[in-house]
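Have a look at the structure below, then the notes.
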């Protein structure tokens, strides 16, 4: 863990070098599952962001009170609580978006990324840093979802954010289940390639 | 490789006479794009360019063979990218693909253009009007494949449309029916397949077990009551013959061992009949082969000759 | 030797394939079933009286949920041996609903009343098949991907993982069903779903862990590693959530959990056998590792499209 | 030992904290949820009747819900209707042929009737011991100044894959005013096209007589008809074209004949069943001289 924890660095780490979708490859299920449109991706991204930030802060506030032997159950309980809150809120205030996301909002409770951040970061650091870290990770997830959603929505239904851009539906395939795997796989490869190229360019210098 | 290509040409030529000249255009586009994608991927990935060995040509022809004759000739271009680049070269190139590339391409096209891929069927031309569609455009005429008619409208409608008895079998065997570009001419496919078996390119195990299973299970389950289906019809319609001789036999994706080949063929046949009778598509052999493909290493592992088997208890 | 080793496999496969025949054969004896889309077929052990049974007026047929709307029998057909009566209707029947056929004699007294429905076992099996193949949890519902990609590198790992998952899934789903039906619903605590279900999953994992350690230490040693991974996994928690969404009965829940676990095992097994093969392949550097696994999974998903719309029963 | 106690205490405290958070979230959101659900439902209904945010529903119009129950005792089954009378609610029990068995007025709060569980309790209380009432369906009768102007029906039937849920509107002569697909799981690009305007709007304007033997044809949809159905052309031309194709059967979706046919059959059976029942209900109401709100 880096010791120079300025808020910006923590956020940047979550979005770039430790992006939960493309780099850490955690929480893949929703990344493939409901990323058919940007809106869906944003909605779930916000939900994850909320749960991540609140859980991180909660755990780090109570870190001295948590008995080490019941660490994991406490984490689970915390996450489950915040997921319930966001689930209820979405169901109440944004029923249409909620219906599209199906059970994936409830499944946030089983996201490995959240538990991992609690275990690796929030239970050791101050509430403030945990907040920034949670924000970074949540934003990283959000950005990943938006990127995947953008590609799939544009190619699958010829639209961006629900607005018809191309005027036709180029490749219906991209809104089907199997395409999610391809898009994420190809994107991962693409980011690997950028990283490789970057390293090579650096090496030459 | 080129022998297989040669065996595929007669069914293609017959298809031109049955469906019109645009069939040739679709096949040409498909072959050209497969070869181009193969060369490009090999260049891109820094491998030796091996388009001369003909494997991309075969994939191209088979891809064209499993799409309807009335589709836009641009479709196979997309299918070729899926089949050759994603299906084969990313996974390590020739010899490492898990799924049959041509069928993967078809599955992609079917998912992407569901309407075109399930409705652009053409009725067989009467009196040799080979060039007719080229002038008129093909969108005006469409029909349904025999299997789709059976599935959606029932056996009675099928008999009304296509007739019954020996003349039906005859015209189906010769290829005078709606269907995918290359799947119709049963006679020429069988002829080519037998030649390949005679020359030792393929073995008899897979075709026999695929067709045998399709016939047997269609006979048992295909009719109104048990044991009243029409096994001959089941083999002659759809892509059963093409699939059994050319697709299931793709040496990269099928098992190597004789016993496992028989089991593999049985699996393809059983899945085909299951999808045809109970599934969401009229024809199932494409998906049946795709579903059995990843099982071939597993089957080879199960049925490997005893002397290569690990000692008891050591396999875990 | 080889044959004996695989005898169990093939008996299972054979049973699976023959299941529809056996089931339908069992139904035939019971006396009534749907025929073509507008037909109900009644079968009798002894031949019926052709002249009286020919009268369409003696049959009253309605959907169980719509007792006030009688379906008009257009034609009654009796087979040559007089053992089967086929009732033809003007409109196609809604076979998803239970139909009631009541037969009255000329005086209006009821001779017998029959219920015609798709068999419940068939329905249960269709839930199983749906979770196993048609809506495979990995390839079409994208659940449990972290574990799926993490543990599908070796066939033995994959098998162990799949079996542990199935056990935990079935156990936790049944417990969740119990809690859901008898505590959450009656007390209006449905909003506590998530907490209760995840708690039950953790509990099941803990229980399996303890029991296995005591009962079969050897098995525990081979499985124990995966147990920790099971808790934080969406494929497990998804089963009780789907159960709650669809309000399944206990048998349906069992079938769903079993099918989901079996489907996960199947996906893991297929994927691992493919990935073992891929290790020998010369994969481009940028695709090594996860990207290629994703693309292969995508190809699997395309193959599994073949099951879409499959209705065996 | 001390360890266990601290663990237990801390777990209890965290559970209580968590329960407080979730409980308060539930209380805060529950009301909003119900309100929003109701608003959405109304939106769909008004849209089917041709009203929207720009064209609000007039005050003289009112929606009356009719809840149908199946009442059964040991020997036979009856149909029970819970409807709004001139004042308060009425529970009317008919036998299967339409003869009135029982007629009771019900003292119940309107908000309670909207909640299914509350309503079920009330109805089961009315039918009395030994009888069991099971909710069957609900329909809505729309009136304007006391005149019936439309019916809103909903229903569910099997599609190609799973259930298709629809809501449809008819005028008092059971001519279809509109069709809305509420839920379905058909294949994207194929069966999922049932929710498109060019398919749904084909049902618009079909009279009850036409509907009785409405069929699905497997022909390509003519271009001009497609544009008229989608609303791509000027209203006047569109009306002409729609009239031209008015007595045609439903054009099946390409590649999704089964989905098209099941929507057609489903809509037919919903309307036919409703027409039959409403006739019986109206006769019974007239015979008994029961004053109702619609």
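The letters A, B, C and D name the chains in turn, as written, and every chain counts its residues from 1.
Just so we're on the same page, a residue touches a chain if its C-beta (ideal position, glycine included) is under 8 Å from a C-beta of that chain, and two chains touch if they have at least 3 such contacts.
Source: prediction; values computed, not measured.
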item: Chain of greatest Cα-centre distance to chain B; value: D
item: Centrality ranking, top chain (CA atoms only); value: C
item: A-D compared against C-D, more contacting pairs; value: A-D
item: Distance from the mean Cα position of chain D to that of chain A, given in whole angstrom; value: 38
item: CA centroid of chain C to CA centroid of chain D, Å; value: 30
item: Between chain C and chain B, distance of the C-alpha-averaged centres to the nearest whole Å; value: 30
item: Junction residues of chain C, two or more chains touched; value: 191-192, 195, 284, 287, 292, 295, 299, 302, 304-305, 308-309
item: Residues of chain D whose C-beta touches two or more other chains; value: 18, 22, 25-26, 160-161, 187, 189
item: Interface hub residues of chain B, defined as touching at least two other chains; value: 86, 108, 111, 114, 280
item: Chain contact graph, described as a line, ring, star, complete graph or other shape; value: complete
item: Residues on chain A engaged by chain D in the complex (per definition of touch); value: 62, 65-67, 69-70, 73-74, 77-78, 80-82, 84-85, 88-89, 91-93, 95-96, 172, 175-176
item: In the complex, chain B residues that touch chain D; value: 114-115, 118-119, 142, 144, 152, 280
item: Interface residues, chain A side, partner chain C - complex; value: 25-30, 32-33, 72-73, 76-77, 80-81, 83-84, 87-88, 103, 106-107, 109-112, 115, 176-182, 184-186, 188-190, 192-193, 196
item: In the complex with chain B, residue positions of chain D that touch it; value: 160-161, 187, 189-190, 218, 220, 254-255, 257-258
item: Chain D residues touching chain A - in the complex, by the definition given at the top; value: 3, 6-7, 10-11, 14-15, 18, 21-22, 25-26, 29-30, 32-33, 36-37, 40, 188-189
